[in-house]
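Each in structure tokens, the structures are laid out below.
Next come two complexes built around chain A: one with chain B, the other with chain C.
Up next is the complex of A and B:
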């Protein structure tokens, strides 16, 4: 009985955290859009911030049930680490933003 | 479950939502309590104040690198808990580096499975416990040994047993105890870490072994104290001479990662039975005398000389260093090899005490962080940052007005102070 209550409390907490993660993902999508307006190369301040956001999403999406965000965010992170061409990063980041909005709104 | 409930695991990550989730999942699914931390400073504080069985470190902590923190932890914390690296960018190279530094395991953060992380934590703790048990067994075996493996002198338990014998009952016999420690040893320990401090202590013992203390033998007491025991009722003059000899000769400079560290011994002496009727009382008095010497900015102190005589004797120490006086009791006052040569001969690189402006240029972050260059040599420098900052393993250092920036490797960090070594060129 006590175990069932603990399980219920754990699930409720997880649901709240997932909700917060979805809200933050929407904010992150807006921030990524802003960053893209000034983004010209991977090796730059805006590139580093894009990488940080992508890293955070790649690490958190799986545990909060937004698995479909893991791959596109990991891709953006890796492209910037590999200092790939700005246009490639831009295209993949735009795709990621669209994914983020779609997934977060389903939560 | 192999691990009892309530093991405490420190998780270091800069994402508060991730930390919240892991805290709940590890408790629920692994019976593990989580200490949530977001940077290296809070990790070092937690390791000092709590019992932590395992550390899970995110490789990417914004301005900090998990690899650098893990390395600092292993160098500066005695008996550190196992460390697991958590990373989003799971490159093979990072994993290899992590294992080389001594991380216990490596778990990809992308698509992280709670069970995988819990399994890695459990087996890391279990391996660390097995290692600890093996160390305990070795320690037990060594307890039968008379000699200490670090210094080669009599071991702590042997010295204590001998002092007990000499202070008890019918076998009681007057003796003197001289305690020798490295001045400011705690500060030095904090600066260069545990392993390097042990090497320094070993150097002290090697220098001490070369001194000819008539009727005396050496032992290693506790972690940072050498003791010399003079048996058979030595005269106060003999004890004072031995203290003066130690204070003048146990002074040396060692090089640690390109930086020079000046070490000098602080000496304190006590007598049995004058200073107490138990071994502990005599030990405590000798240690208190060495503390008193440090407080008075002197090199040695005894429980039996009057302070005026001590002050004069201490003030003559530097003279006795430069011109050894003839020894009326046959003690060998010739300079032990390497101890009192001029310091510049001993150093690999001449060190300059400087205060110059420097800039750490951190690749990838595109940031330039100002610092003060405090010590500088051909091979490295000591930097002080205005606020706490963990640099990456390698960055460019520009010393203002001294030419082009050069690549440096971080060798140690204590608080805001960072020791760096210039990278070999070419």
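Up next is the complex of A and C:
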């Protein structure tokens, strides 16, 4: 369907988007770290923001080919929706942050 | 009957303006391989249907054709047909459709077999079908507040041959829909301030968006949300995360189905053309567009002469065939970008985009002449038909009603002056174009 030149153009656009996603993921990781310092329970503003970030990562990871982020981020989102214990959320969010940094470095 | 020779070496000069918004002009050439008599008869039919004839009597020329028509009279073993079918859409004209011949044709890879008496409708149907099989381009609107994800999804769709447009602001959804007229909307379920279901409800508030397919991109866990969304008319869910190829495949299937359903719902059943209401809607839209861009537009109203007589003398089936044939002729002779509608029982309407009055008259006159030379059959009887046409060109501040009125007046003048002619709207300085295409002061 696409000739060699258009295919190359597509690949370039994909590379650029993936790059931006990686940058955003690193920023999100830093933000999550900040949020964790004030996080005390799921049902709170910081909890909600953590959930939103996790949701965004979970949704976007697949299309950008960073599938290893899907599960850990979906997990964090679910934990907060289900209002699970703060310690559990904290642990899993820290794990997510580590995943995010690792995956973003590979791009 | 002699074959008609239209001087198609001279392309009609439409205006020098920008190319039509969609579609391109591509002369539809059909190569005919037949005996001299057969060639002559087939040429008349094809000319009547708006196709350009290429002579294949001395061998199949190189190049691309819309279709090739081969007679078994000159190719009894179907050797040529078999060879041809590898590269072109091929129609075989058989003297008699025996089982042996049909089997041989199937083995040769020939798609279509027709036999005398050859119905224009059938021939037109086959040739039209070949046209429809080209893949249409679908336009997709993506609404996602996550700009990166939106563009990534758009990229995946574009790689699969679709066109995608991304908006991140859901408040712009309705306006963008009206401008873009997409085939499908891809909607993210979760957006700050307003969720996907609410956007879907808002989209569905407009009557002409009731059948627009809406696909939700949502996380699998939202099962109750999914139920709610189906109630509001969401058509499908795609669970995030999704890979690009799967997304494109699902979107294509859904867009394709929606377009087919839309056509059935909005088009005239007999001819597949736009019905009266849709045609007028389309005329309104095209009029606005032409005024905004400054490109010319011509409207033509066509009426089959003495149609009632055809029905009364030869029956309604014969009448239907005449209508279907004229529909095929118009589709065949006009550009993909021109808009054709079945305006009434025996009335057709055409919007010729990017076309001045003179050029429109020439095109329509050609169609008129070719149509008048066609033979129709009803049982033992043979008959022919003619059409009258009136054309109006869009003026700067035209309304739909105004331009229709002037085209209608011109049509009336054509009828009044003897029928089987094309008349243009009266303009103070312009002479009107008469039947033979020569100008006379009126």
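The rule we apply is simple: the second predicted complex is superposed on the first by the 105 of 107 C-alpha atoms of A that agree within 3 Å, B and C clash if a C-alpha of one lies under 4 Å from a C-alpha of the other, contacts with A are read in each partner's own complex, and residues count from 1 in each chain.
In this text, a residue touches a chain if its C-beta (ideal position, glycine included) is under 8 Å from a C-beta of that chain, and two chains touch if they have at least 3 such contacts.
Quick caveat, the model's predicted, so the values are computed rather than measured.
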item	value
Superposition on chain A - do chain B and chain C clash or fit	clash
Which superposed partner A:33 touches (first chain B, second chain C, both, neither)	neither
Touching partner for A:105 - first (chain B), second (chain C), both, neither	neither
Partner chain in contact with A:63 - chain B first, chain C second, else both or neither	both
Partner chain(s) touched by A:12 [first = chain B, second = chain C, both, neither]	neither
Location of chain B clashes with chain C - one stretch out of 76-84, 184-192, 238-246 or 328-336	76-84
Doubly contacted residues of chain A, that is, touched by chain B and again by chain C	10, 13-14, 17, 20-21, 24, 55-56, 58-60, 62-64, 67, 70, 74, 77-78
For the chain B and chain A complex, residues of the former touching the latter	15, 17-18, 20-22, 24-25, 28, 58, 60, 62, 88-89, 109-112, 114, 364-366
Chain B-touching residues of chain A, taken from the complex the two chains share	6-7, 10, 13-14, 17, 20-21, 24, 43-45, 48, 52, 55-56, 58-60, 62-64, 67, 70, 74, 77-78, 81
Chain A-facing residues of chain C, complex	146, 148-149, 151-153, 155-156, 158-161, 188, 190, 217, 219, 221, 240-244, 247
Touching residues (chain side chain A, partner chain C) in the complex	1-2, 10, 13-14, 17, 20-21, 24, 55-56, 58-64, 67, 70, 74, 77-78
